[in-house]
Amino acid sequence: MSNALYPGSFDPVTYGHIDIIKRAARIFDTLTVGVLNNNVKSPLFSVEERVKMLQTACAGIPNVSISSWQGLLAEYARQAEVDVIIRGLRAVTDFEYELQMAQTNKKLNPKVETVFLTASLEYAYLSSSVVREVAAFGGDIGIFVPDFVAREIYLKLRPEGVSGRAEDKDTDNEQ
Amino acid sequence: MSNALYPGSFDPVTYGHIDIIKRAARIFDTLTVGVLNNNVKSPLFSVEERVKMLQTACAGIPNVSISSWQGLLAEYARQAEVDVIIRGLRAVTDFEYELQMAQTNKKLNPKVETVFLTASLEYAYLSSSVVREVAAFGGDIGIFVPDFVAREIYLKLRPEGVSGRAEDKDTDNEQ
Amino acid sequence: MSNALYPGSFDPVTYGHIDIIKRAARIFDTLTVGVLNNNVKSPLFSVEERVKMLQTACAGIPNVSISSWQGLLAEYARQAEVDVIIRGLRAVTDFEYELQMAQTNKKLNPKVETVFLTASLEYAYLSSSVVREVAAFGGDIGIFVPDFVAREIYLKLRPEGVSGRAEDKDTDNEQ
Amino acid sequence: MSNALYPGSFDPVTYGHIDIIKRAARIFDTLTVGVLNNNVKSPLFSVEERVKMLQTACAGIPNVSISSWQGLLAEYARQAEVDVIIRGLRAVTDFEYELQMAQTNKKLNPKVETVFLTASLEYAYLSSSVVREVAAFGGDIGIFVPDFVAREIYLKLRPEGVSGRAEDKDTDNEQ
Amino acid sequence: MSNALYPGSFDPVTYGHIDIIKRAARIFDTLTVGVLNNNVKSPLFSVEERVKMLQTACAGIPNVSISSWQGLLAEYARQAEVDVIIRGLRAVTDFEYELQMAQTNKKLNPKVETVFLTASLEYAYLSSSVVREVAAFGGDIGIFVPDFVAREIYLKLRPEGVSGRAEDKDTDNEQ
Amino acid sequence: MSNALYPGSFDPVTYGHIDIIKRAARIFDTLTVGVLNNNVKSPLFSVEERVKMLQTACAGIPNVSISSWQGLLAEYARQAEVDVIIRGLRAVTDFEYELQMAQTNKKLNPKVETVFLTASLEYAYLSSSVVREVAAFGGDIGIFVPDFVAREIYLKLRPEGVSGRAEDKDTDNEQ
């Protein structure tokens, strides 16, 4: 029996993440999606908001749970009692950084293996930062994230004090 | 008939940029050089200064025009009614980032193709940031940028309040 | 006015090639697809067969013509009087080899530019050799090449002396 | 419950392979090591010899079995009823080729995931071909392969007709 | 007779740096380790502290001296009258950046060669920033840096105002 | 005092090799250029011819000697009593292969360091195989190799039995 952890920032969750989650959940007995609480960077969404969006996105997958963490990944993996860390691989630059992380984590916690899934081709160049940037300039992000995530992003990016939140009305219906 | 757009920061324009501009201008019917007005980063030169330097550098090429833009490149390409986005490729790290940009832009604006020219070998490792860094420490940048650009950089980097701007006098003569 | 050349082995043509041809034909005034007559390697299809398959695949694109060549690409580009050599970029290994070819060709024929288009994501890892290998083991290649090409491959790979060429009957209908 | 397949040539098995096998066997319920019967290349060892060496090397790992295959990996994975294909990642050149194989196999058999383990640092640049080359010139391969494999290699590489197979006498003792 | 310079931030020195220093000191007649005084970034240790740690770490190597510098590396190499700049290569991302630096420095100071040593495999993915990050979260860094460096890091990272600096007592003994 | 070895096939020597030789000869006390006698591949020039061409090309450099070798590089380095193996780095694909060779050689002969020089930009994509291929199709190789090497290549590639060897007349004059 193998328990896996898929760590990341998920700021916000994209179709690329959801694809990895679904595929990893088929391979491993349980999958914990771990949202990194990185208090150095200024994220678009709070950890709580990111956890909630992931819970909505993964609602239909029984062996997936969402959690959050801070500190060293190797230490979190030890506490969460997982056997495997899952990472999605996209491009060569990813690959180098991921190898460094995997080798460092193996030194810090030799019991945990890092295994890599390749991003599906349609999401091969998708990242949360691309989504945030496209959204910030008013571009269409419906091909990158689920509708309910897109609405959350536009709400977040909207100038404060705006009234008449028309989009909110649709939220319940579409999910 | 194909109209091309060469987007970038051009802070400042280098011999590497000028080489790409000349080569792209021979291939495409018109070429717009688009200076990115990125108000997040703190550039060395204002957008207006960068546009003006490019106009000087491209003065002799009839089918090249200089413009500026902000927001999404895919949207700017749509408004500028270009068929092609030009990018210069230097190294592998470039390549990965450029592929990501090209694939994202294709999703956002399927009508525009991104085409890549390879940097000429002599400029293969040249970038605006290298030029700025060398200049900041008083190194010779005459092999990286035209003389009139070099003078602008030294003026910009000079401590404020210095009088007797001798270099300015030469500017008109040398161009 | 820019005339482009898309050189390659095309043994056989794949959906990846066809995608590049269609996109390049929209950008340049004319596009010559040049089939390399490389008499060192032992190809699956003869040059004549490869030219014929490309002609079928490109039948609907008015500014595309199919040709064949041998010798130096830089010399062929000179004789064909093209301004641009088109290459599709897939991965990092491609990129290095393509840069080498582009720089060498530029030294041998400075008048011709090599420009790169990125492979569409769905064809990012497709190559003629993958198609040949999958077909050789009886795998389904219908997602990699047009039906009429798939039939030609299976005919070519079939043990000699087999009669009753049932597949041929479908050929005319499906094209 | 997940069943995994680790395909390869294993000509011969190295400490790098054994490291991947041990780590994969801890993660997955069963692991089949599949020796590729590639009748095109001329291997150093026959498929039967390679299977036998792997059986010796993996004797102590209960959930590992050794098998051989030819044809398409995607088809073999289907017949072997595995959920996961295991590959070891070493360097960037590996990475590109492995991505191509993984994406192709996913198209041919969408039910099977390819997952990657990173080679342990001490074996990061080890390959069977390096072992064969070092051995062919009489170099010490004891740091690359188990002793019983080293002896098999030297026997194989010895000029034919040599009698007095002194090394064989040690084989039983050392395993 | 060749004199070499090994420039870097060394914030702090790691076993990876020490490995490169020892190997370079065997090849070249003299080796100067040059600590970059980069007043833009906010380092963990001051230049003086970093120089002192390097002096301790290199105490037993007669032809190594420690120094500090700011400005252009090419200019510093000229003033230090070295023939060679040493750099350690780890991964592909390193490689691209290092090539850019080497080519730029060659243009600025053609008399100085940049030569690369490969990181030993066991330190292939080690960097000062990894060490700082692991230490910041309380992880064990004893496998990455000498003990006296580890103690300095923990002292530096400790919240201010803490009294009873027990670790300091051990420092003199262990060096 | 450091003695260096620059191993390779040199089939034939190019301006890229000569550039590395000149630069390495300035750094190290002695430099041996070692021509690999690889009896598996079918080279264009014999080892004796390659050694002779290198001797001509390096005639003016006092601390350079030319030799040939076969077998394991690590073993040859031991016999030649060198401290350093020199390799030129061009591109990422090179880099991966070179790292593998360096790490393997270090395991086989820990006393010898592999150090890398970067190819000068103008020769960054030059290789002996490109030279052979361009020459085979009658292209101009005068920008890639010295004139006396170019003449040797054309002689070698000429169909046998051709009389009136006009080129030979110039050979003595130009060297």
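When the chains are written out, they are named A, B, C, D, E and F in that same order, and each has its own residue count from 1.
One rule holds for everything that comes next: a residue touches a chain if its C-beta (ideal position, glycine included) is under 8 Å from a C-beta of that chain, and two chains touch if they have at least 3 such contacts.
Please read all numbers here as calculations on a predicted model, not as lab measurements.
Each step here moves to a touching chain, and the least such steps from chain A to chain D number 1.
Interface comparison, B-E versus B-C: the pair with the greater number of contacting C-beta pairs is B-C.
Seen from the Cα centre of chain F, the chain whose own Cα centre is farthest off is A.
Here the C-alpha atoms of chain C line up with those of chain D after a rotation of 120°, rounded in steps of 5. Centroids built from CA atoms put chain F at 35 Å from chain E.
Per-chain CA centroids place chain A at a distance of 39 Å from chain C. Those residues of chain B in touch with two or more other chains are numbered 92-93, 96, 99, 103, 121, 124-125. Listed by chain label, the pairs that touch are A-B, A-C, A-D, A-E, B-C, B-E, B-F, C-D, C-F, D-E, D-F, E-F.
Considering their complex, residues 91-93, 124-127, 130, 134, 137-140, 143 of chain D touch chain F. By the touch criterion stated above, chain F contacts chain E in their complex at residues 2, 23, 26-28, 83-84, 89, 92, 95-96, 99, 102-103, 106, 113-118, 120-121.
Residue ranges on chain A touching chain E, taken from their complex, read 71-72, 74-75, 92-93, 96-97, 99-100, 103-104, 107-108. Contact residues on chain C toward chain A in their complex (touch as defined above): 92, 121-122, 124-125.
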